[in-house]
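Look at the two complexes coming up: chain A is in both, with chain B in one and chain C in the other.
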Partner chain A sequence: MLTVVLQQGINGIVFGSLYVLVALGLTLIYGVLVQINFAHADVVTIGAFAAYFFTFAFGGNYLISIGIALMVGAALGWLVNAAIFAPLRERGSELLPLIATIGVSILLQNAMLLWFGPIPYAFDSPYSNKVIRLWGGTFITLQNLIIVVVSTLTIALLYAFMKFTYMGKALRAVAQDRETAGLMGVNPNQLIMLTFVIASALAGMGGAMLGPILVLTPFAGTTVIVKAFAIVIIGGFGNVEGTIIAGLAVGLIESYTTQFINPGLTDIVVFTLLLLMLALRPTGLIAEKREENV
Partner chain B sequence: MLTDRVRISRRGWFLVVAVIIALLPFVIQDSYWRTNLIVCAINIMLAIGLDFILGYAGQLNLGHSAFYGIGAYASTLLVMKLGVPFWMAFVLGMVLSGAAGMALSIFAVRLRGHYLAIASLGFAVIVHQVLLNWISLTQGPLGIYAIKPPPDIALPGLPVISFGNTANMFYLVASFAFLFYLLLDQLVRSPIGETLKAIREDEISASAFGINCTAWKVFAFGIGSAVAGAAGAFYASFVGTLVPDAFIITESFTILAMVIVGGMGTLIGPVWGAILLTILPELLRGFGDLRLVLYGAALTLVVLFMPGGIAQAAQMFRARSGRLATSTDAGMRR
Partner chain C sequence: MRQHSAILCIGVVASIALFAAARDAQAQDKVIKIGGLFAMSGPGSYFGVQDKQGIELAIEQLNKTGVNGYRFEVQYEDSACSPLPATQAAKRLLEQYKPEVVLGEECSDATLAIMPLMEQAKVPLLNAGSSSIKVTDPGNPWTFRIMPNEVMQGVDIATNAYKRLNARTAVLLYENTNAGIGNAKVFGDTFKSLGGQILADIGFGRDVNDFTAIATRIAGLGKVDVIPTYTLEGQGLRITQALAQASVTKGGGGQSIQLGTIWLPFGFEQKAGKAAVGYVRIVQFDPTDKRDVVQNFIRSFKAKYNQEPTHINAHAFDQILVVADVIRRGGKDSQSIRDIMATTKDFSGVTGSVEFDKTNQNTKMDTIHYMETSPDLSWKALGWN
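Moving on, here comes the complex of A and B:
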């Protein structure tokens, strides 16, 4: 029994750390722009496909493919900002960019469907079969270990970047007050672009690591992104620490629901939690000073 | 004098639409295109219902597929499991959808903008998952089959009207779509419409004028989702099968696209949006899956370059061709 609990805990953390990667991107963009990016889902999917094709079509190394997916994601982030968010920024609407990114998402998903077909791809990472035995009969595959290590390192790096570098400080300044930050000599447009590039790089990377543990179809990202939205709300929109805690919590809740209740109910449990959170504590786990949006 | 002319032309339009509805099944004999006509009418109901919530009351609802699904499943299950007569089940399905919309709205009363968007999205995910997993009731992914069309109408002295016939089914669904349009049109032209617009533009100022914002938002959600419930009931009885994936969250996005492409905040815009986005993909079938790529591209381009949608384009065209553009607001601010 304890073994099962521990084992599901490990699985939950593996999924949770990937959710954190994807959700952090959403929360960063929300923090700076107060906008929702639905195309984030497709950055995840395209990241996964980029890694797949690099690994299998070109015979590349899986670890390097994570880096490739990161770069593909970064490029997509730049594109989405330049094409959608930057032109719509002056209008100051909260609805238009959201709908435009839904359009981009429909476009990208069906373009992928056209190229890659509806049949799921078998993305078998070379590390999926190597099992590392842990204490008390539990185990972790090398693939999952890579996921946890790479995610943790990335999140730590991002956190350090936000807290300790000038750029990170400028970014937080833009998130707090774009105009004042501009007056202090920070170029908000550049930093918004940087946010999109970082956020989408995280999503692409998350996709490369999700590929082997998901059903890889053109719609793979959507299932992840809907959960990422729940995580971002539960953690508090724009709140990095809250997102990390909420992401891991959702991963754990999912794997325990699968084990002890019913695999079909995971989404219901997660989204009921989301609605309860919105009703009881709409500012998220860690309260922020963004109450005016609630 | 001007208002007289407008009023006459409104009554004229009423007649024109009625004649078009009456003639369409004669012009279009092909059963495939008749099917599309019925789907079109169903989509119009969904689009104007969502527009009432989104375009008039300004509530960012991304969960319209849930109300559609609740109407479809509730009406069908009432008929099949409890033997309720179709039309009573139809009304109950509408009431249930409306109640679900009101419940979501009451629940999310403190939420605005993006938070409401995500809450309604979450609600739609939950409804879809419940339909999938409550197998003893909905048969889950296997779906419900052999759903009967609405019962025949036998009036004395007239031939029996059977709704197994696509032409009759079209008359039925299109009449209801037209009826809902007229009802919503009356609503948005009444002081209620002004109240909702006031809430859309600025909730704080609206409440300063003594408007009970919560009550009116709940009202808008109730009406909009009840119309979606009616669309669901017609969908089930027309298609004859129900699977949960017909009400997946992306269906909400499709309906949203109709409202946006048509022009939210006008009632006629979403009607054109629904017609265009139902018929156009069928015309583009030759392009195969490319049509959905074009669908996405169209949605994006409309938002970027013509955020008021078809309604705005029509107004600009009318203004340019020198005629007096009546003051419709192409609610492009939100």
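Moving on, here comes the complex of A and C:
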């Protein structure tokens, strides 16, 4: 039984790491813009497809494909913000960009459906079948180890960027008070663009690592994004530390629910937790004022 | 005079040609409108793409000569393998296109949702891919099914697992849908009645991505002989790979044999890779079948699409052949198509034969073909039916 408990812990941490990567993008955008980005899921999917085609159509290395997906995600974030969200924000409406994210999501899904078709792709990382045996009969595939290592490094880098660099501090300043930050010489529009680029890059990278796990179709990202929204709320909207803790917690809860209760009930357990958080602690796991987030 | 005769002859020939052309045109004006309700989006959309290929091929062949003076025309609506979009698509189809007969859906939940609409509109629905018993039991005069239902399939698979594979323990894996739950229950009940033991009964939603946790749970159960699995292709792939990674199934060096359903298309083995080795599953179409109808279908499919046909292509092709057979026997509108379809006997199609019972369920089992994935990822027909 101990082996199974440990193994489910490993499974939970692997998937939790991926949840964190996806959810961090959502929380960054919310923290800076107070905007929910419904198109985030589709950036995840596009990242997965970018990695797939780089690896299989062009014979590229899977590890490099993670970087490619990151760049594709970043480019897409830049494009979507420059072409759609930024002009809408300039009109001063908070509702228009929100609705536009739904529109962009539908547009991207249908474009992918047209280009890639609806039949699931078999995205097998060369590392999926390499199993590393650990203590007491537990194991981790090399692919999953890559997921944990890359996610941990990325999260650490992002955290350091936000806390210790000028740009990171400027981003937090924009999140606290956009107008005052502007008066201090910070260009809020550039930093909003930077937020979109970082968030989308994280989503693209998450997609590349989710690709070999997800059922890769044009709708793949939508299955993850619902959980990511739950994680962002549980962690505290816009709170990076809370999102990391909540992401890992949700991964573990899912694994242990599968083992000890029923895999059909994982969503019920996660969303019950979400409702409890909303009822008892609406500020999320790490209660801070929104201004202190990001 | 000779000149006049020549002109007269040319005139007569031209008149005959014009008359013949007009008669052909009149014959071609008579159209049987077929509605296609298939998933074109969402996780079941691989069904729709392949159904469409089979239907288009059949219609192209039949429209070259027409059937009983009729040609066929089809309009598709995206029913998304799900009840609500299926209902909306069916309403659009019935109100705007007004078909004489409708084909679809593949997913049982969607089929069950559109059946009352078809009955209300008195338009026959010909189904080829939904397995839930509720589709034809207790029976609906306007719904026909050419594939064996979940009871026919489940009893057969469980019996073969127990008697031919000597399986004594099983874990049920299924998506939480009418078809998933129903198929798993029939397998479980039959297997237990034969003396087998169900070690775990694991249902999950269609949004589950990570099957490593489920595979870990199964690995912790001890000796599991068979794992009947009822999912769509995408989740099926991930389950098969996760079970192999956890060394549960033969594909991962374990002992368990995964048993699959009619839901998975050909090509699944290549996508799943070595993890699929030893997988035993049923399909509706055996390409090694020597019958002319099968070999002609394979040839023409390859010529049109430059790919091997799957059993989903095949059963969609058969749906049109069944409709054509009814038109050949005098069907011309929804009511007559329904009445004549109900009397179908000894129809021989690509997937097998069709004979409807009083609930409009095909009673023939030769549409089920068992196959096993070989180490080189090809498959061999087991010839159990």
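Basically, the second predicted complex is superposed on the first by the 284 of 294 C-alpha atoms of A that agree within 3 Å, B and C clash if a C-alpha of one lies under 4 Å from a C-alpha of the other, contacts with A are read in each partner's own complex, and residues count from 1 in each chain.
In the analysis below, a residue touches a chain if its C-beta (ideal position, glycine included) is under 8 Å from a C-beta of that chain, and two chains touch if they have at least 3 such contacts.
These numbers come from a predicted model, not from an experiment.
Visitor: Evaluate whether chain B and chain C can sit on chain A together after superposition, giving fit or clash.
Guide: clash
Visitor: Could you tell me if A:156 is touching chain B, chain C, both of them or neither one (first, second, both, neither)?
Guide: A:156 sits against neither chain B nor chain C.
Visitor: Have a look at where A:184 lands relative to chain B and chain C in the superposition and call it first, second, both or neither.
Guide: Neither partner.
Visitor: Touching A:36 in the superposition: chain B (first), chain C (second), both, neither?
Guide: first
Visitor: Is A:254 touching anything from chain B or chain C once the two structures are fitted on A? First, second, both or neither.
Guide: In the superposed model, A:254 contacts chain C only, not chain B.
Visitor: Is A:113 touching the first partner chain B, the second partner chain C, both, or neither of them?
Guide: In the superposition, A:113 contacts both chain B and chain C.
Visitor: Determine, under the contact definition given at the top, whether A:131 touches first (chain B), second (chain C), both, or neither.
Guide: It touches chain C, and chain B stays clear.
Visitor: Can A:226 be said to touch chain B (first), chain C (second), both, or neither?
Guide: A:226 sits against chain B and chain C alike.
Visitor: With both complexes overlaid on chain A, does A:262 touch chain B (first), chain C (second), both or neither?
Guide: both
Visitor: Can you list the residues of chain A that meet both chain B and chain C?
Guide: Overlap of chain B and chain C footprints on chain A: residues 113, 226, 262, 264, 267.
Visitor: Going by the contact rule at the top, pick out the chain B residues touching chain A in the complex.
Guide: That would be residues 60, 107-108, 110-115, 117-119, 121-123, 125-126, 129-130, 132-133, 249-250, 253, 256-257, 260, 288-290, 292-293, 295-304, 307, 333-334 of chain B.
Visitor: In the complex of these two chains, what residues of chain A are touching chain C?
Guide: For this pair, the touching residues of chain A are 1, 3-4, 7-8, 11-12, 14-15, 113, 117-120, 122, 124, 128-129, 131, 139, 141, 144, 210, 213-217, 219, 223-224, 226, 254-255, 258-259, 262-264, 266-267.
Visitor: For chain C, which residues are in contact with chain A within the complex?
Guide: Touch residues, chain C against chain A: 39-43, 45-46, 48-49, 176, 202-205, 207-210, 212-214, 216-217, 219-220, 233-235, 237-238, 241, 244-246, 270-275.
Visitor: Using the touch definition from the top, list the residues of chain A that touch chain B in their complex.
Guide: 30, 34, 36, 84, 87-88, 91, 93-100, 102-111, 113-114, 222, 226, 229-230, 232-233, 237, 262, 264-265, 267-268, 271-272, 274-275, 278-279, 282, 293-294
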